[in-house]
């Protein structure tokens, strides 16, 4: 059983608490910290939390909790993590880990120096679909990964601080691109080094300073590219999809709008439909169990199981740091309008990528470019002469 | 924390144990019963269960467990439940409750007489999608329910006893129709009395005595009909879908084959894809979290929360009895080739149905039959003269 | 090139004319008949039709047309067809052919006696998807057909006469069930005799005399059942789906609401969305080419190609008669509340059905009931002892 | 009626001929040119074509045809078009128009100088879904277009010459990116100038010189970006999808793999499934009418209707030239690894883009950043102080 201090009483604090207390779980939130006393007290009451506090350091040090969960705005992650490390507490921090790789690195060093358990709360890597898909990829079901696309798009976040560039560290890219980037990394393989980033970003709709739309590519050692699409400009709900393309197969995941739950109502749904749903009548697409579909359940299971087992979780502060490093390169690329290298001082993955997929040798003379059944039923081979390079076709 | 004795080490025993032990839950299976000592011992070891036994009565009475979960073949439910009632233990029984309404009634009376907590493990009513959809229906999102369709179809069950009519009590109807019937009831409203059943059943494919395909309609007080489709003849995996049609809206649920997880592999999935998946290459449709998608998690949550709170769970033995009564009528209908009344001696629902949806009165002269936008953009009204009954149309 | 007289200026007359004139076709509507002079003249002008008339017999005999297309309300089919037969003209009649098998038979005899070409305008059998699916079934792609489900459901038809039982011959069953029934026949195989029908029908929503919802099963020689679902009570647009289940495979067709065109609009679609769409904002599901998706194009291609080639089309008046015979049995079944035989005086299909799918013989001792991969990866066989009938299981 | 000379007897020549002869059309292919006499003669016979020839110039000048359709490999477009212009014939050329903007410009100038009708056979802009979606966008259904994504991906083309960089002018980008780019232009608005391109390209799988995978962004005047994804590396069939995001809505089109036709077969489909389908058993996704779904029908309708009406078609050589100019910039960007300007010497669109979507003024003090319903049902506003720029939130 884990005793947990949740820092933050916003939407993310609420989702985390719900996930931790859900379904006859043995873990309990025993301390909650919030800035506003009224709101924090109400939160504690609503979720049956023993103690509440408006004193950040006090809440972190409170002996009633062994694990600190940071669910605060981005500009407060560093302080909270440093306090937790100083208090010798296990610390789990929401995404993005920090507002820059430098800040992330400082946090990583603090927890490693203090020797405390640290987890990066990148929930979308933990959705049941993503976990199963990543496992299938690791088993070789789609061959060598060539390309991934991870997309998160909706009309914009819930709280004011997201829209304030200084507090959040950026716009849609830092808010949601962090998810997409880590999902891409999970599929490509965390052992492969992210080399370079090309990113477009713009403020298309909202009257803000930061980008409300960003699209980019991360080039990995070994040749795979991971595409991320983060938009606060999308209309129609929350578009949360991943695609993976490999030499032997493909995967398509839809986490939110098309999950097998479709409802038409002329009466109005009579209440909450789904996170960021934009309509209450007509065709609606609710999600069965939102907390599970967003990965909260499996994320905390992995974190707390790992803590008890004395092993690192699947997502650590190091992963958060790598994501920040990739985002830093993305922001530089938006400015430079060119590919930018990813600067990771402390690369802990593999030293060199695996060999590229070799060409298929058909016989002494030819490499096989492609084999295909035609509309008329014949099977055609496209071949390349190994000496001359000439491309020819032949019916099988 | 609940201490549970699981009876049965087959697929259902395994799924139940997995669900009970899943995700940092506080409940534990402490006793397991199986017929085969080797298999039972292995099961206990694999799932970390304190004790195992090949003595049914002994396992039920074992003081290490407070709750008995019956995951045995259909012909053994009655004995297990009667023993549990005699032992004064809370008892949860898998679906179908019994092989007939008479047998179900005996079991219901036994637990009620003994005053023990009883739950009917109808998991598919507890899928997150179903729970949310039923809640939306109760809130009025689709108006008055007119029709439901619940379908479960796959190539046939896993264990030999299902295919033995004496042991199972029937074929596809008793095995899977029980799910579909209770899902229909959940949408229509459990307070409404099932009046009559019309059912077709046949042995189309497998060399067995019982039906491997059954389709039927249950007519409810108040006018709704609930359609059930149960097939052991379907090819392509497990088709698990529900549809609901109401005066103000519609709901479509897909629980298995189209849930937003799509994978193509030419290499082969390299392992298990999904329950009853029929292929390991080509386009595959895995399910993210199978135990959650099948409702096991929410089912045990409701059961054990109810037990602790001293309230009945959403699905009790009474519900199981009603389902058996409807299935009895269905089997009679297969034979008589006509509608058959549902015989429930002990109706506990509402005494009379709510009034039918009234016609919309347009004005002194007309009732509104329909209002529609035409392809050319005009809006047309179809009207019925309240006196003469004449039907006319008019452009708005 | 065909010169065509279209009878009827309602929605169906318009759709037929659009389909006939579409896409650089060589066929022309040269005569149009309507009851209302103003409307008929406007129709002729809009669609570039040479002549218009309010005289039914005159329009049919007009030498400017060689082919008569009947797009009139159901109660006028008989008269129009008899006049066309008397005039020695090829005649194509919209669905349902008639209001009863007796009326259909009279029409069939008239055209056969007159020796004129006759086609039954059952468009939904001619959608590109349906044609391709039926062809795949005929090639054996899904083995022996066991079950079909054809569903057409929407909030009700466009014109007043549909809602008048005398004129239309019934309600949703005669209006849309005719489609579903013939689609079922096309998949099962037209050579197989429809033996019996079980049908439920009710007036659930609209203030009319006829049924606005009907669900039934048609049992065919050889063991297949074809399920039809016709509803004027559905909310959410037009639900047009077919499913086919065979011993070796399955087919799912969605013709209208989920065809790969999904649109969210908060602004409103700014015009027509799709036939029977119920909303103009939120998530909408338009159809690319409605006339093609509804089968009009391929239907007229087959009809006019057949006429020119001197062969019967895929759908003749005989097919329309069989459908009416099945619907008659369905209406009798609604009343008798039991299975009713299909009365076809003049069966022209095969004399006897093909043999049922035989059981798979595993070895001298066992029949194979089922083979399946389990979640743990093992492959399990369910076997039946050929002598004792005992069912056992064995791991492969 | 149009009399047409088709140049080329490969897959594209066949598809064009099928589309032109389809469905009782009044147009006929009267001349066919091919390099190989045997193959060309067989083609003419199969499709009922009056004349065939292996002499390119002779076929183009043949008086039996008024319209020349160029369905040749990319390196032969220029010669054929120049001959057609010289012959004073209307000329329709397949995609891509040329291998570079310079070559395209020469062709454009030739047809304009000769004063002949010219059409760019960009079929995918003409699918019924795309036409309807573009029309909805023009009507304002999704507001101002912000982003489009057009994706074409499959395992590689059918004929050898595609794989030869000199003949085709590139790889996947020139082969399929041309589709995606013009689809993006159609949604964004052809009046808006494409300004810059950023593109990634690589040879990931096939042993060829050109890129087999390319992803890029086109930035348009007015702020929209159009994303294109072209892959010869995709596994699972042909992935043909478009997405459009606007200030008021979204559109998702799926043209090939998920169109409402789903089939499972353990027996094998028994023949052709769909263009570039990769499997013949398991779950398959055929397309109802491939020629229609690929836009061939509507494309030739527009072309020949325009020719007869004396108006330019929707897609002219100028459009082909713009696409080539964008692709040139994309190839430069692959090399320079930075955004590259699109060089269009002869811009014929609007001189300046429309104004950007303005911010919503809530009141004297605030701009509205966002309005949203929260999970707890409350409605929250995110506001920006018009003077201080401070971001605050407020419950409605």
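When the chains are written out, they are named A, B, C and D in that same order, and each has its own residue count from 1.
We take it that a residue touches a chain if its C-beta (ideal position, glycine included) is under 8 Å from a C-beta of that chain, and two chains touch if they have at least 3 such contacts.
In this text the structure is predicted, and so the values were computed from the model without any measurement.
S.K.: Which chain has its C-alpha centre farthest away from the C-alpha centre of chain C?
M.R.: Most remote chain from chain C, centroid-wise, comes out as A.
S.K.: Could you state the distance in Å from the CA-based centre of chain C to that of chain D?
M.R.: 36
S.K.: Averaging over Cα atoms per chain, report the distance between chain A and chain C in Å.
M.R.: The computed centroid separation for chain A versus chain C comes out at 49 Å.
S.K.: Find the geometric centre of each of chain B and chain C from their Cα atoms only, then give the gap between the two centres in Å, rounded to an integer.
M.R.: 33
S.K.: Indicate the residues of chain C shared as contacts by at least two other chains.
M.R.: Where chain C meets two or more other chains at a single residue, that happens at 142-143, 235-236, 248-250, 264, 266, 271.
S.K.: Which of line, ring, star, complete and other names the graph you get from chains that touch?
M.R.: complete
S.K.: Going by the contact rule at the top, pick out the chain D residues touching chain B in the complex.
M.R.: So the residues of chain D touching chain B come out as 235-237, 264, 266, 278-279, 281-285.
S.K.: Provide the residue numbers of chain C that touch chain D in the complex, in ascending order.
M.R.: Checking each residue of chain C against chain D gives 1, 23-27, 127-129, 131-133, 136, 139-143, 248-255, 258-271, 286, 288-289, 292-293, 297-298, 300-301, 304-305.
S.K.: So in the complex, which bits of chain B are touching chain C?
M.R.: Residue list for chain B touching chain C: 11, 14, 142-143, 146-147, 153, 155-161, 163-164, 198, 200, 202, 204-209, 213, 215, 217, 219, 223, 225, 227, 231, 233-236, 239, 245-250, 271-272, 275-277, 280, 336-339, 357, 359, 367, 369-370, 372-377, 380, 382-384, 389, 391-393.
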